[in-house]
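I have placed the structure first, in the form of structure tokens, so that the comments after it can refer back to it.
Chain nomenclature is as follows: A, B, C, D, E, F, G, H, I and J, assigned in order of appearance, with residue numbering initiated at 1 for each chain independently.
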Amino acid sequence: MSVTAVVLIKAKTREIGALAAALAELEGVTDVYSVAGRYDLVAIVRARRNEDIADIVSDRMHALPGIEDSETLISFRVYRRSDVEAGFGLGAES
Amino acid sequence: MSVTAVVLIKAKTREIGALAAALAELEGVTDVYSVAGRYDLVAIVRARRNEDIADIVSDRMHALPGIEDSETLISFRVYRRSDVEAGFGLGAES
Amino acid sequence: MSVTAVVLIKAKTREIGALAAALAELEGVTDVYSVAGRYDLVAIVRARRNEDIADIVSDRMHALPGIEDSETLISFRVYRRSDVEAGFGLGAES
Amino acid sequence: MSVTAVVLIKAKTREIGALAAALAELEGVTDVYSVAGRYDLVAIVRARRNEDIADIVSDRMHALPGIEDSETLISFRVYRRSDVEAGFGLGAES
Amino acid sequence: MSVTAVVLIKAKTREIGALAAALAELEGVTDVYSVAGRYDLVAIVRARRNEDIADIVSDRMHALPGIEDSETLISFRVYRRSDVEAGFGLGAES
Amino acid sequence: MSVTAVVLIKAKTREIGALAAALAELEGVTDVYSVAGRYDLVAIVRARRNEDIADIVSDRMHALPGIEDSETLISFRVYRRSDVEAGFGLGAES
Amino acid sequence: MSVTAVVLIKAKTREIGALAAALAELEGVTDVYSVAGRYDLVAIVRARRNEDIADIVSDRMHALPGIEDSETLISFRVYRRSDVEAGFGLGAES
Amino acid sequence: MSVTAVVLIKAKTREIGALAAALAELEGVTDVYSVAGRYDLVAIVRARRNEDIADIVSDRMHALPGIEDSETLISFRVYRRSDVEAGFGLGAES
Amino acid sequence: MSVTAVVLIKAKTREIGALAAALAELEGVTDVYSVAGRYDLVAIVRARRNEDIADIVSDRMHALPGIEDSETLISFRVYRRSDVEAGFGLGAES
Amino acid sequence: MSVTAVVLIKAKTREIGALAAALAELEGVTDVYSVAGRYDLVAIVRARRNEDIADIVSDRMHALPGIEDSETLISFRVYRRSDVEAGFGLGAES
């Protein structure tokens, strides 16, 4: 079983590149997107349990300089195209 | 070259499962997460150009029943762990 | 292992009592508080996995009449007084 | 008679674990949840009267380091499953 | 013992006068102010217990035509000038 | 003639009790409620003219330590139960 | 004595011209500005007492078609250049 | 031709009186209202061109101590009662 | 002399392409951008006077189907690179 | 191919003129508007790829003094009048 979270991040504007690169190096962080609009970065985090997500976000992400605010969206399920599911056995995350 | 977008979606609460499954079948949509919190779904969309993202979101996603509101975050760059980059030649998206 | 969620609910004002009573009857819902302020009801939900929380909130709660909007806060951990922990083996939820 | 309150807390992100543990030790605080989303912690507080809730939140909770903002939802009534009520004589809180 | 609540009300603009007069007739409602600004009416409600406040606001106030939204602020304590307190034995509400 | 205003106050959380007591001593302030929810204190102010309300709020209230923000709702009219009106000659405030 | 109020109005966009003209004809309305930005119209209203302002705004303005929302700012005082005051005896409004 | 703007101002609460008086002395500022509610002051500014409004607001108003935030609503047209128009030749501002 | 305005538009999501094309045909509209994020379209409008901007936005733009909300930002000045200014005599707009 | 972005900027009010002039000198910035209302400046930025927009906004714009906050709207397409398109070969941006 595993849990995925989408973390929406507001960052100090001049540190976005370095912060994104550092976030991407953290264990459990699979993708970091620098984005235009209401947020500056979106990180996809994957861990075994909800409380591991908390540790990654509170302890490791927020230890990096440059995050002003973040909001974590815990994923209930991941949906991918059914032919992909056929190939990889995906579907509900568990 | 390609562009990735993170689409934050508010949906009619009782249709979330069916909507998520339908979104995941759309071409260009790589992952759909049903999430807890301020939004109901997060979709990752990948296309050749910004205007292709617009077509997917406005024309195809919003043609499905159940979306109340959505906000598209166009990605500037994707960051992934450097050892992964080494293997897959990723880094800045282009 | 289990997951707890705190669900903040805005309800149609004249149906709060009946809605609260009906919510409290749902399997997985342990406590429902009718409250003063920004929200009308707070429900504590407990289930085996994140996706079971989604099913309770989207499928069963929202099937009841009277909910206008809800926001689910997935709990990372539950903290209780240490002497209680001693007695009941609580602590991190897992 | 007694009063229950649900306290929604925004905290300094790096102090959430320690703060939650300290909150849980306060008299009158029965459960503390660290949560994902718009808030960081949710505390359930139980006291004899409304003004005792005020004392716990303003004087004791806010004396702890790490709370940035909090909003207290005073509970009007607690609803629990009727078979549980049968066993424990619960229902309206009073 | 008694509880006071301050109820902030948004009303349909053309029904404010009639609504205010009707609210003022409800048992437990001691004062209704029609006001300029963010809200349209402010009602002061006094009852024996928190749950009686809920009954007045949800059942009786919202049964009147014209309320669009309301938010109830439960009072912890009432403070009045000390010489007044001397005369009337007021202070903390209980 | 006289004017009543309802002043909604956000205060530094640890100074609410002392602030409320000090506000209640100010001339023109008739009641101060410490409340749960979106605001911390609600003060009822009564003066001869609108500009006297301004003097009480800007000059005297804000001279006290602990107010972070306030919003004044000038009352157009006060409504009270008609039998009370009969006894006290109240009704529109003027 | 007199009271001035600044009324900020959101209107149905296609009716702004006709609404503004109709508002300007109401007794007590001295100026109406159609504006760019967060609001559509700003009306300056002058009356003898606060409650007369309420009557103009609730009863007469909102009887006109096209107003979606309005917020009334009651003026405490009007300030004008001192040489103008010398000529016209203005100053605090009373 | 001329342009009118309505400037909505949030001010440091204890400096409102002095700030309002100073604003009223600025060339181009015709009226300043201290108000109750969401804003603290409303200034009416009149100048030859839009860019002159910018100079008055950014350079001269914000050089005065006490303004925390302001938002300028540029007026498209001024509407006044038709009999007044008859007398003064007003109507569309130009 | 001329005035430029930046009009931020929220549109019904499925009509964005047709609406944008229709907006671009209106006299006075020089550029229309379909955009990702908080707004759906941004239109640049140029006219002789502020009131002509009002006519374009209220009468002509809002006559087209699909606009849900719009907010007009009247430009004080346009700034372009100085070498361009040298060539085209631009600078402050007037 | 090229990308256009509309950057909405909140600036320190007293530095708007100098900031606007400095922004207009940056490579990739084609127009800067100082505006009335919710934002202070609007910059139109044009670059080859999304990630070049990020570099201009994060690295070069935010290196200038005076920007408090900014939000970038990436353009999907630019629409201009069809006769102009005929002359200049415009239309979808690519």
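The definition used in the following text is that a contact is a pair of C-beta atoms (placed from the backbone, for glycine too) under 8 Å apart; a residue touches a chain by one contact, two chains touch by 3 or more.
Just so we're clear, the structure is a prediction, and the values are computed from it rather than from any experiment.
Counted as hops between touching chains, the shortest connection from subunit E to subunit J is 2. The most distant chain from subunit J is E, comparing centres defined as mean Cα coordinates.
Counted by C-beta pairs in contact, the busier of F-G and E-H is F-G.
With each centre defined as the average position of its C-alpha atoms, the distance from subunit A to subunit D rounds to 29 Å. The mean-CA centres of subunit A and subunit I are about 37 angstrom from one another, to the nearest whole unit. Per-chain Cα centroids separate subunit E from subunit I by 47 Å. Counting partner chains per residue, subunit F shows two or more touched chains at residues 17, 34, 36-38, 50, 53-54, 71-77.
Listed by chain label, the pairs that touch are A-B, A-C, A-D, A-I, A-J, B-C, B-D, B-I, B-J, C-D, C-E, C-F, D-E, D-F, E-F, E-G, E-H, F-G, F-H, G-H, G-I, G-J, H-I, H-J, I-J.
Of all the residues in subunit C, the ones that touch subunit E in their complex are 13-14, 16-17, 34, 36-38.
The residues of subunit J lying in touch with subunit I in their complex are 4, 6, 8, 20-21, 23-25, 29-39, 42, 71-82.
Taken together, the subunit B residues at the contact with subunit I in this complex read 5, 50, 53-54, 57-59, 62-63, 67, 70-74.
Only residues 36-38 of subunit A touch subunit I when the two sit together in their complex.
Those residues of subunit E that touch subunit D in the shared complex are 1, 3, 49-51, 53-54, 74-77, 92-94.
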